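Everything on this sheet refers to the single structure shown next.
Naming follows writing order (A, B, C and D), and every chain is counted from residue 1.
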Amino acid sequence: MLVKRFWKLITLTIVIIVVLIAYFIQTSLVVANQFPELELKTISGDESVIKNIQISGDYYDQSNYSSAVMVTDEGSTYREKLSYFEYLEATFPPNEVASFKDEYRNFMRNKWMSPSSYFDNEEYLAYVGVDVATERFNTIYHHDYFFEVDVLNKTTNKSNAFKIKVPGQADYSDVQVMDVQLVNGELKVVTDIGYYHNEQHVYELMVYTIDLSTNKITGDDTLLAVENNEEGDWDGWTDISLLNDYRDISEQKYLLLQKSENKKPESVSQESHNEDGVVEAGWGVTDRAFFLYNLETEEFNPINLSDIHRNELLSTDDVTGHMNDSHAYITYVIEGKLKVLDIRLDDFSVGSDIVFNWDELDISDATQVKMNEDKIYVMERFKNYKDPAKVIVGDMATGDLLYEGEIVMKDVDDETENYELQFYNMVIN
Amino acid sequence: MVRNESLRKLGVVTMNIKFNNRDPVYVQVIQHFKEQIATGLFEPGQEIPSRRELANQLKINPNTAQRAYKEMEEQGLIFTERNLPSRITRDEAVIKTVREELILEAVNTFIASVQSINVPLDEALDLVKDNFDKAKDGQEGDA
Amino acid sequence: MMSYLKLTNFELSRFFKMYLVLIGITLVMQTLSVVWTANNYLGEINEQLSSGSTVEEAINGWGLFSFDFITRGFWFSAPILLCIASLLIYVFFIWYRDWLGKNTFAYRLFMLPTARLNVFLAKATAIFLMVLGLISIQLVFLTIENELMKMIVPNTFREDLTINEIINGFDYLRVLYPVSFIQFFINYGIGFMAVIVVFTGILFERSFRWKGIILGVLFSGIALIVFFLPILLHETILNHFFYPTELFILMLISGLIVIAGSIWMSNYLLNKKIRV
Amino acid sequence: MIEVKDITKKFGRKKVLNGVSFTANKGEITCLIGINGVGKTTVLNAIMNLTPINSGEILIDGNKINKDSYEKITFIPDAITMLPSMKISDAMTFMADFYNAWNQTRADELLSFFKLDANERISSLSKGNTAKVNMLLGLALDVDYLLMDEPFSGIDIFSREQIAEVFTSHLVEDRGVIITTHEINDIEHLIDKAVLLNDGVVLREFNAEEVRETEGKSIIDVMREVYHA
């Protein structure tokens, strides 16, 4: 009787519930199967050295599904498969500073998640971000750049937050924090500044010193500066860069800098940069010079390289730098080999090369090289079904290969052949 | 206000009264009952409609019907035994009084009218006699 | 509770014929759209084949037929828009029909021996169920139409899409059918809130007539501000203070406040201010 | 007893009711008479809480109206309250569905008394029959108080007679009835109490029989006096 009387209400409700439940079950199954499970498969070596690495990248498939993905030794996580709230909240894939959000939730409010803005040690967590205030005068825009500084004292759990204008008369067109260090109660902010001067584009690598007792900028030191002609008739380009791992948030006493002269080749006119600002193929590098800057003493020293090394460095594009307590390292790829130059920080002398033979390891040129303590981690950037991305770990002291593995798909089936993976970062915890 | 024997149905009287609007309705109802009793159309002991039925038949307020019955009961015109329907009184004395009352009322009205036009009593009585008989014949002829 | 259910059922019944007509129009128009679009495509293919092209060339020329061809067409969307428009209009009409005409049903509704709020909630529930009903039935139709398309277009010329791919291929379908249940809950929760606020606005108008329109608009404006208050504060004076989850919870709370406030206000108007 | 105490009601700036007070007893028929204006209907709406009043108080057996009151008091407006698409039987089912006070036996009785066909749709009914259905839906409720707005207006004489008959029948027995009218003729002898309204005030509230007895005046006489004064 009740059913008969309420049949419209009951039928409609049942239709809604059944259809929607079916839809959401089906959708969750589709999402679950949309992206293949990936794993880090060991080919040889000690698996324990890859326990703490997170490799992040993007997955693309032909039906236009794409998702950021993270691979660890425990498997893969896709951004699109995260729960609603994880998706909402997470910095995904997690980077070097992502975990701070859990540890220092209040401190991390309204802060950019870029690792280069952070410094972390036992006592302090420091952050320097850049804020810009733009004013418009008719058609001309005027930018005022500010450092947003916040330093958390971990023992007192108090933070000192303030905002100061980036000094200088020039109308900067770009200000970026490259690294933040805390040295003897002073913040050292390594800053990349760009502006136009007399129709020349000027790049400066500056170190600003901020006194944390007065919250004022007490010093600035221009490490390197270059001027490049913005007009079309130039045929060369000077490039300056900080080679320290800009994702590193730990204490570093030295900055490793590179200045390179590039000449426009006859045949190629296209300009192309990769994301680290290193000039890629198409440019003839005519000179490379390397420097070390001591943040504490503010001493600036060139590194003297042998002719062999200098020549090799002129014929390669993949130059990266690394730093630990007592050594600086410059890595580059030459003739199918990865060479590591070992520079002692006490006398800036160059020790013997460490060489990894990539041809033997079947690794392509496009890689990311990372260093952690005394190990070197190398990861291939691209992979597809036919050519899985390789991950190797080597010992910096001996040049021995500690681990060799590749990122492969679990339960491969034919339908998922049309995909592509691009890895762009490796986090070593 | 002519009633016919044929209107008596199953011992219940069907009535129709043309009320005037200025006299209390209950008084008019009582008046009507008295006339019916006096003329013998309501026989002694005859069952009369309930208050509700009366109100319904006369299209009057049930409270008014109730009041009329109450008055009539007090005057002894009707009586109610336990839960039975009310009946017309069997008391000959009451019926006689009602009859006399009505006659007296009519006579008083007559006298008042006649006096107001200064007609000698004898002349008036002769005319009454003649017309009374005619009217009665006419009525019987109609029926 | 029983009165609420009875009233809900009653409200459904009052629109049911119209509702079935809407469903019928949707089914007929979309089915015709499938047949027409598919036949058009096959016609073009056949023309090219008969002019001496190979199957590959024909496919290269016209592309593989997929359900997207249909969903992008006017006759597929038209009934959906018609349904949406009808229900939007009915959000108002569900109240005004009780006052319009000789038969003032509002008298009856407001003299029922039950809380007047039940009338309000029943109307809101009816609208909500009808919306979800159309959404669900469209999903069923989509499945049927997809199969129908497969029957018309031969395998060679066809790229089969799943329901999710069809939905993802089209913007407004993605709003109607979000992938995540929580997103679904949010989308329709906001819709439900909007209906409740509009209902309150209508009751303002029914209570105070011309003056009520102003009050209703004012109330809706306040409701809007209250709902978006967390985001407004977050973007302005709080300078992006909140984390996304916190903002979500605050929006959920502000949404619930708006819903509760609207229901409270409606209850007050229905009991103290309404004019029949 | 329904007590209307000093109620005022404004529509915009216009005062429709300006301190109206009267009482209506159970078992009596009270008639709100007004020769013009909208005050009468507004009073009934106010009693039923279908329009808010600006001041004053209305009590039903000592209580303010609430949702349970609608099982004790009902209102029959001058227009039918059911949907045109409904059959008479649907309307009756609707009432039975929601009201405990619904008396199906009485409803059926009224149906045959009014000679109505339960399968007929409300939209196809004549004016007189529509009024009868409207009346039926209210009368079939076992309520203590019954309010009717102009039950005789705009319908034919035979329907009017039938409806008038209802007032003297057991259907309203022992109930308190308030009806409004602008035309007293049909119900002159039916009512207990008359409340004369004009321009939002009660000019006179009196018992009809008492006025006839003590002043020898008909209701119309009183109305003439009051409204022309």
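One rule holds in what follows: a contact is a pair of C-beta atoms (placed from the backbone, for glycine too) under 8 Å apart; a residue touches a chain by one contact, two chains touch by 3 or more.
As the structure is a computational prediction, the values presented were derived from the model and not from experiment.
The innermost chain, defined by the distance from its C-alpha mean to the mean of all protein C-alpha atoms, is C.
With each centre defined as the average position of its C-alpha atoms, the distance from chain A to chain B rounds to 118 Å.
Remark: chain A and chain C have CA centroids separated by 44 Å (rounded to whole angstrom). Centre-to-centre, using mean CA coordinates, chain B is 35 Å away from chain D.
Per-chain CA centroids place chain A at a distance of 84 Å from chain D. With chains as nodes and touching pairs as edges, the resulting graph is an open line. Listed by chain label, the pairs that touch are A-C, B-D, C-D. Considering their complex, residues 5-6, 8-9, 12-13, 15-16, 18-20, 23-24, 26-27, 30-31, 63, 84-85, 88-89, 101, 105, 109-110 of chain A touch chain C.
Interface residues of chain D, counted against chain C in their complex, comprise 45, 48-52, 67-71, 74-75, 77, 79-84, 94, 97-101, 122. Within the complex, the chain D residues that touch chain B are 27-29, 164-165, 167-170, 173, 188-192, 209, 212-213, 216-221. Contact residues of chain C toward chain D in the complex are 3, 6, 10, 14, 101-105, 107-108, 110-116, 207, 271-276. Residues 19-27, 52, 55-56, 58-64, 67 of chain B are the ones that touch chain D when the two sit in their complex.
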